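Labels for the chains are A, B and C, by order of writing; each one numbers its residues from 1.
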Amino acid sequence: MLELRLVQGSLLKKVLEAVKDLVTDANFDCSTTGFSLQAMDSSHVALVALLLRSEGFEHFRCDRNMSMGMNLNNMAKMLKCAGNDDIITLKADDGGDTVTFMFESPNQDKISDFEMKLMDIDSEHLGIPEAEYHAIVRMPSQEFARICKDLSSIGDTVVISVTKEGVKFSTRGDIGSANIVCRQNTSVDKPEEATIIEMQEPVSLTFALRYMNSFTKATPLSNTVTISMSSELPVVVEYKVADMGYIRFYLAPKIEEEEDMAAS
Amino acid sequence: MLELRLVQGSLLKKVLEAVKDLVTDANFDCSTTGFSLQAMDSSHVALVALLLRSEGFEHFRCDRNMSMGMNLNNMAKMLKCAGNDDIITLKADDGGDTVTFMFESPNQDKISDFEMKLMDIDSEHLGIPEAEYHAIVRMPSQEFARICKDLSSIGDTVVISVTKEGVKFSTRGDIGSANIVCRQNTSVDKPEEATIIEMQEPVSLTFALRYMNSFTKATPLSNTVTISMSSELPVVVEYKVADMGYIRFYLAPKIEEEEDMAAS
Amino acid sequence: MLELRLVQGSLLKKVLEAVKDLVTDANFDCSTTGFSLQAMDSSHVALVALLLRSEGFEHFRCDRNMSMGMNLNNMAKMLKCAGNDDIITLKADDGGDTVTFMFESPNQDKISDFEMKLMDIDSEHLGIPEAEYHAIVRMPSQEFARICKDLSSIGDTVVISVTKEGVKFSTRGDIGSANIVCRQNTSVDKPEEATIIEMQEPVSLTFALRYMNSFTKATPLSNTVTISMSSELPVVVEYKVADMGYIRFYLAPKIEEEEDMAAS
């Protein structure tokens, strides 16, 4: 039997909003470690990995490891029916073919339960090796989202270049070109407004803006985003989920003419 | 001659927004009692009854009973041009074929008059007998609107079941099923947040969510909604219009397999 | 070389939003006087004239007169990427075929430069003679925008009639007719809320509402709008751009049956 009680239910609502456009169907895995998901987007270009650790739940009962196939759009539809202050409890029986989401309003006056059919989904679990990254940028998540959206009005790809001074986002399209530089800045009033760069060596990589924009759907989850890059590796765009976990998006760089553009 | 002056003109704006999607053309009736409307929706399934009592108007002159056929969409277009703080005066001559809406801004700097052609509309006036209801639920109108909207993302019909403990709204659709229970709760800070149940005997009836959602267009008129049900009768969903009247929606229950669903 | 630095960059953003729907491509002219534009709308019915005086810029370097052809939609796309508090600098080389917009965030942490290709645009510069107007109405710009929008839901043209007492906006359409009168009112708490009429003789002219609505896209630029009319001349609808200039829209009156309507 599975019973996970999450007091800050809005986190689960936001997690679903963050991934449902990228991934249609996926297996949620539940073990004593926590509640997790790993899935490729429908065009098999980007990977999303979610972890909500068991300690973050008020109550976490998971008698045996379970993998539950869900349609994320349907799941998001149901979670949208939860109030922002509701407690959300996820329940499933061992071997059952449904999952139940229970929503409790803060004053307990309104109790909802939504039952959803589970699906059988084939999925290979990819081992994601821990890697060392040449450059790690932490910056305000809204700033990153704004930059990806702005550049999308000009071009289709973004070159992200990290130096000690800052991070540069560049694009080029039919109507012209654009460069946006965010300088390293740690002397800010609020820590979440800082732009912090940890760099072993300069990196410059090209990515499809379409995916970057999709990743920024996770912006409501966290004030900051962390972008980790190495020349040979997919970029990792990570948003913390409160103190209980993270959502990480992986995207391989484009290896083409766009690289030339970065140098220009 | 007819001249009705309504200081809180926004009420008339909201009334039109509440009924214009349900009813296309309708006769407004004016007598010494007040300003009223009774009309079936275009598919002849739901009935709407509006009353604005003459005492609620600052000035109410109605020399003889009049029935004025109006296109509610056009009327709503004109009323949208009134400011929210405007005084609205409705004027018509006996036997004339137009009605005039006059809008006065609070400081009298802006005076508008909108003239609309009246229509000839056949309508039979249904006598709605006063009835005793087995169960009457009074609840926050926004809560009811939210529930109808949420359930619509899962199914097409709602089963409303009233017991002493509370009122349950249930639905079922392709992606799963949902139950939302609102408990009776009278110990709230603000009276309009209470959920109050008056019950002679338990009732469980099934309705088309499409109509329920249409009724909730009246939500801006009142903080609370009253839902009155008996097994043999159409449900009445009532919103008060300030102290001067009400808008009531009537809808016959569905008598089908959905009833079985309610029991499940 | 050209280098114009505008501390209140949001003004340029708003200017583009105000004209981009009316004019597709246009030449911006730069001289020691300032930065200006004059263009007909695509159907050659309305004229827009913009002036931002050189004194309004923090830095204004214009070595020789330049005329730069720009696609206003593309320019607006780029300016949308500037933050509302950003400083905007416009740069171009003599004889170059690009213009660069630089955006600096208030704390200098984020520096963007957007480069756009210039276009060759044929344009004749019309001399607009200074004229004496029979009636000049100054009123709140939001009020004027609201009136144009409201009347559009009833008819296609507006008759603007000015007398000493006030200004009347009238329209007529299939569903009825409407008159909105704004009284002269100078005793208001805030000067920008006044409606002030300077009149030599009464004027009544008819205009296409479609263009009037387009002009009101400039509403965010200024709290007030000035409407200048004479029987033989195009109306001038003017919005001030802070202390540094203006945007003026010119539109010829309709000389047809609508005039009769105005008299009714």
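Here is the rule we use: a residue touches a chain if its C-beta (ideal position, glycine included) is under 8 Å from a C-beta of that chain, and two chains touch if they have at least 3 such contacts.
Chains and their UniProt names: A, B, C = DNA sliding clamp PCNA.
Predicted model only: the values in this text are computed from it and were never measured.
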Mutual neighbours - chains that touch chain A and chain B alike: C
Rotation angle (°) superposing Cα atoms of chain A on chain C, nearest 5: 120
Same vs different contact residues, chain B with chain C, by half of numbers used: different
Whole-Å gap separating chain B and chain C, where each centre is the average of the chain's CA atoms: 44
Contacts with 2+ other chains: residues of chain A: none
Residues of chain C that touch chain B when the two form their complex: 143, 150-151, 153-154, 175-183, 185, 195
Touch list for chain B against partner chain C, complex: 71, 74, 77-78, 80-81, 98, 107-117
